[in-house]
Amino acid sequence: MIKLKQVSKVYPTGVKAIVGLNLEVEAGEFVFLVGPSGAGKSTLMKLLYRAEQPTTGQVFVGGVDVSHIPQGQLAGLRQRIGVVFQDYKLLPNRSVAENVAFTLKILGMSKGDIRQRVKAALDLVGLRDHMDALPQHLSGGQQQRICLARAIVNTPPMLICDEPTGNLDPETSWEIMRLLTKINMHGTTVIVATHNKLVVDNMRRRVITIDNGRMILDQARGVYSVGVN
Amino acid sequence: MESIKRYIRILEFIAEEAITSVRRSGWMSWIVIGTMFASLTILGGFWMVTDDLNVLARAIGSRVEILVFVKDGSSVAALDDEIRQLQGIEAVTPIPKEQAWKNLQKDLKTSMSFDNLLENNPLPNALKIKVVDPKDTPDIAEKIAKMSGVEEINYGKELLAKIQQIAGFTKFLGIAITVLLSIATMAVMSNTIRLTVQNRRREIEIMQLVGASDGFIRWPFLLEGAFFGLAGAAFTGLFLLFWRTVVLTRLQDLFPFIPLEDGTFSTMKVIGYILAIGVCMGAAGSLFSVKHYLKQNG
Amino acid sequence: MESIKRYIRILEFIAEEAITSVRRSGWMSWIVIGTMFASLTILGGFWMVTDDLNVLARAIGSRVEILVFVKDGSSVAALDDEIRQLQGIEAVTPIPKEQAWKNLQKDLKTSMSFDNLLENNPLPNALKIKVVDPKDTPDIAEKIAKMSGVEEINYGKELLAKIQQIAGFTKFLGIAITVLLSIATMAVMSNTIRLTVQNRRREIEIMQLVGASDGFIRWPFLLEGAFFGLAGAAFTGLFLLFWRTVVLTRLQDLFPFIPLEDGTFSTMKVIGYILAIGVCMGAAGSLFSVKHYLKQNG
Amino acid sequence: MIKLKQVSKVYPTGVKAIVGLNLEVEAGEFVFLVGPSGAGKSTLMKLLYRAEQPTTGQVFVGGVDVSHIPQGQLAGLRQRIGVVFQDYKLLPNRSVAENVAFTLKILGMSKGDIRQRVKAALDLVGLRDHMDALPQHLSGGQQQRICLARAIVNTPPMLICDEPTGNLDPETSWEIMRLLTKINMHGTTVIVATHNKLVVDNMRRRVITIDNGRMILDQARGVYSVGVN
């Protein structure tokens, strides 16, 4: 599903965010991405949905080299990847339901289908009651959950979650993790960047540890490793 | 089948997006429409005034006449007929010398009667000729001069030259100002739209990241821009119509000597242009700036 | 002592904020300044054209003359002296009847010599009088009419009335358009500034939340708005100066009959107004919109 | 230092975020505010620095009823409270150093003092190397730390941290907590809203638990209570 070959990313500012990274993720895997603040987790994820382009190396997603994808196919790629952004990226001035429905509307889905799917997704993240609220009128954790609902509503074959529980209490975090596990069991590839040691240590899934843009550990059924280097 | 339905739904969604976007803009909409209105009214108003001035110039120009003095003894009627056969002649009016003599007295505004002083009228018979297009006057005058029976010809050469110079000057000025004004108007309009799009650059970025294609993002903005342009232009149209039918009519009642066209046709033409410019500039302004952001984040 | 230093540092910081804010605006600055330039040029250009038209109108008006026909046998010189004593007289030119007779012949453009037909000239002596202010013409004419030795008086009553009506009409039109144009310009300018402020509403909110006082937030915006207005107005000033000194001078070479003022003073006056309007509108526009956001989050 | 008397907050949307809350915090205390997502923690904090006004009741901070403070004194109040916002609220297009310096500049501090203090603050949160970067060019956790640096640079008598470690790895989180403890030991009142169970359970400080806008628990040396209701 995902294959990174000797990928490096140097930002225009000169920061080396990813250095010579090789990585392979099978379809249907569940992967935790951990590492200290500024390690390069978000950058790695941005390369997958082509919010950034690698400086060198190749990034394959579903067999396609996304770093050389033509502009016209970009939208299609992103439609097939659900993303929980670290900073949510919710559309302001649109209700929670409209935010979640957006990804369905651009696919030209019928209104009936949209309504049904949006309600189901908001149910899953516990925001059914806040359907008509505006994102800026919700709490931090609630906004984070809208973002998750939007990422899963389209049942994409791949789900990228950048710190999906950073603003959630432990109980809700666990619910979200159970939800991600369920989605993963239906065949979706799930990649989660997180700092939540409790979650990582209890789930015992594949854990990839990144530090200073390098992969320093890749455990099959791993734990959150503190101070590896 | 299903794919056609999909496209229809997407089109529907794009229209909806444009509409809600306009609605959500709130007071900003009014600022944009107001700016459009102001710019277009300046442009349209100037056009209409220029039109009026052209009418005025034409009216003055058409007052230029050719005066033909007929040789004593020649047939006035024959010359009259001959002249009428030329192209571009609007009217030929004979002025018998008796009448010319009376006019002269009147022109001199003197109470002394020339009749008392003179036995025989010193003036020749004359023909007053109106041409259709003042520009043809010199040509026609030359042709008439060659006709037999013409004693002398007079058509206000200097006056005509002056009027044509003035017409040329105002035409030049009019075109120059119109071009500058159009550029200014379009700059103001598209810039205003660009500022509103700039306001939503984050939204554009988010839409791109969740998989909206460039076309999908571009179209609602384009429609919105076109709508703002149309709305501003519509207000301008109403204003110009009001100006023409109410204000100018009143003014013409007050100052009846100002020769203005009936104007309905000309006003409609100007309003048509204004609407077109409004829509195009609104759409172009937003298209241009959306493209800017699409490239940045694509 | 320390508190004074603090205030100075805060003022310094406000100035810095305004400067960096302008710098950071990048292409947006140019859009704003361009809009200012466009609006102000329309306004200033119109003012200057209106000024020129006024000069033209005055020039036409001053061509109105009073023609006094002197009774046969009366002293032309005595009447001349008497008229010169009236107020508002610019020049009195005697026209001996011999000359008038020649002029008449020339006017009639006929090659026939009147001399051959007439022994004695039927025309009276005349005086041509120029007045300082065309408006006084009717009064002065009335006074002259009562003088002894005046045979008849003629001053183009209808023409004068017409010119005055036209002057009234253009003055009315000029004031109306100037007012409308000023409103439009100011609306466009302050709205453009408002859109740029709206663009930074989040910044304003953040500044408030970390303890910046309203004055602290308001001043940099105000200075920035004033700067944009000033910059736009400065470009307008350069353009108008160029227009006046280069373009109009060239045009006057081409069309020398157009009577235009020397214009340097008038241009400076217009540019002064334009600068003032630019600064005020820029400042007011940003002040107004910043206040809007300050209230919302206060 | 802080005293809330029968405070309720109903948002214009009709949501009851705080219901009849009474609370007292002494000067120099260190308080954790915990509770599920949407419980009302952020709302409570917003009442303290007057980002929101209570619907009923009174909010005293430093002896002043901040809900009835005149507009002219608002800036002064906020200058005396350092806040780590849940959504960072960093000024875009200004470097990290400029963001942190902003709170000092509005106080009219001299440039030399400002430079020194900003460097010290950025050192404390580990961002000295990123001084001249723009916030939007930093990782989520780095942005969160800029916000903390800005809150403490002014050594305010009160520090309010809304989820200050949500995007930080456990190690960095602990460093931040040690920093907050140190600041607290110098006399600053510190209030921290968090979902970080590990941190709360290990620090054994006063823990106030909120749920549905009500205070349901106030432990002197408490732990994170899961599923209290």
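Order of writing sets the labels: A, B, C and D. Residues in every chain begin at 1.
Methods note: a contact is a pair of C-beta atoms (placed from the backbone, for glycine too) under 8 Å apart; a residue touches a chain by one contact, two chains touch by 3 or more.
Fair warning: this is a prediction, and the values are worked out from it, not measured in the lab.
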{"item": "Neighbouring chains shared between chain C and chain D, ordered by label", "value": "none"}
{"item": "Co-neighbours of chain B and chain A - touch as defined", "value": "none"}
{"item": "Most remote chain, CA-based centroid, reference being chain A", "value": "C"}
{"item": "Between chain D and chain B, distance of the C-alpha-averaged centres to the nearest whole Å", "value": "66"}
{"item": "Distance from the mean Cα position of chain C to that of chain B, given in whole angstrom", "value": "24"}
{"item": "Distance from the mean Cα position of chain D to that of chain A, given in whole angstrom", "value": "28"}
{"item": "Multi-chain contact sites of chain A, meaning residues that touch two or more partners", "value": "none"}
{"item": "Residues of chain C whose C-beta touches two or more other chains", "value": "none"}
{"item": "Contact graph of the chains (line, ring, star, complete, other)", "value": "ring"}
{"item": "Inter-chain touch pairs (all)", "value": "A-B, A-D, B-C, C-D"}
{"item": "Complex contacts: residues of chain B adjacent to chain C", "value": "28, 31-32, 34-35, 38-39, 41-42, 45, 67, 69, 104, 108-112, 114, 117-118, 120, 122-124, 151-152, 154, 162, 165-166, 168-169, 172-173, 177, 180-181, 183-185, 187-188, 191-192, 194-196, 198-199, 251, 254-255, 257-258"}
{"item": "Touching residues (chain side chain A, partner chain D) in the complex", "value": "11, 13, 15, 34-39, 41-42, 86-87, 133, 137-142, 144-145, 162-163, 166-173, 195, 197-198, 224, 226-227"}
{"item": "Complex interface listing, chain B residues touching chain A", "value": "5-7, 9-10, 13, 24, 202-203, 205-214, 216, 298"}
{"item": "Chain A residues within the chain B interface of the complex", "value": "49, 51, 71-72, 74-79, 81, 83, 85, 89-93, 102-103, 105-111, 150"}
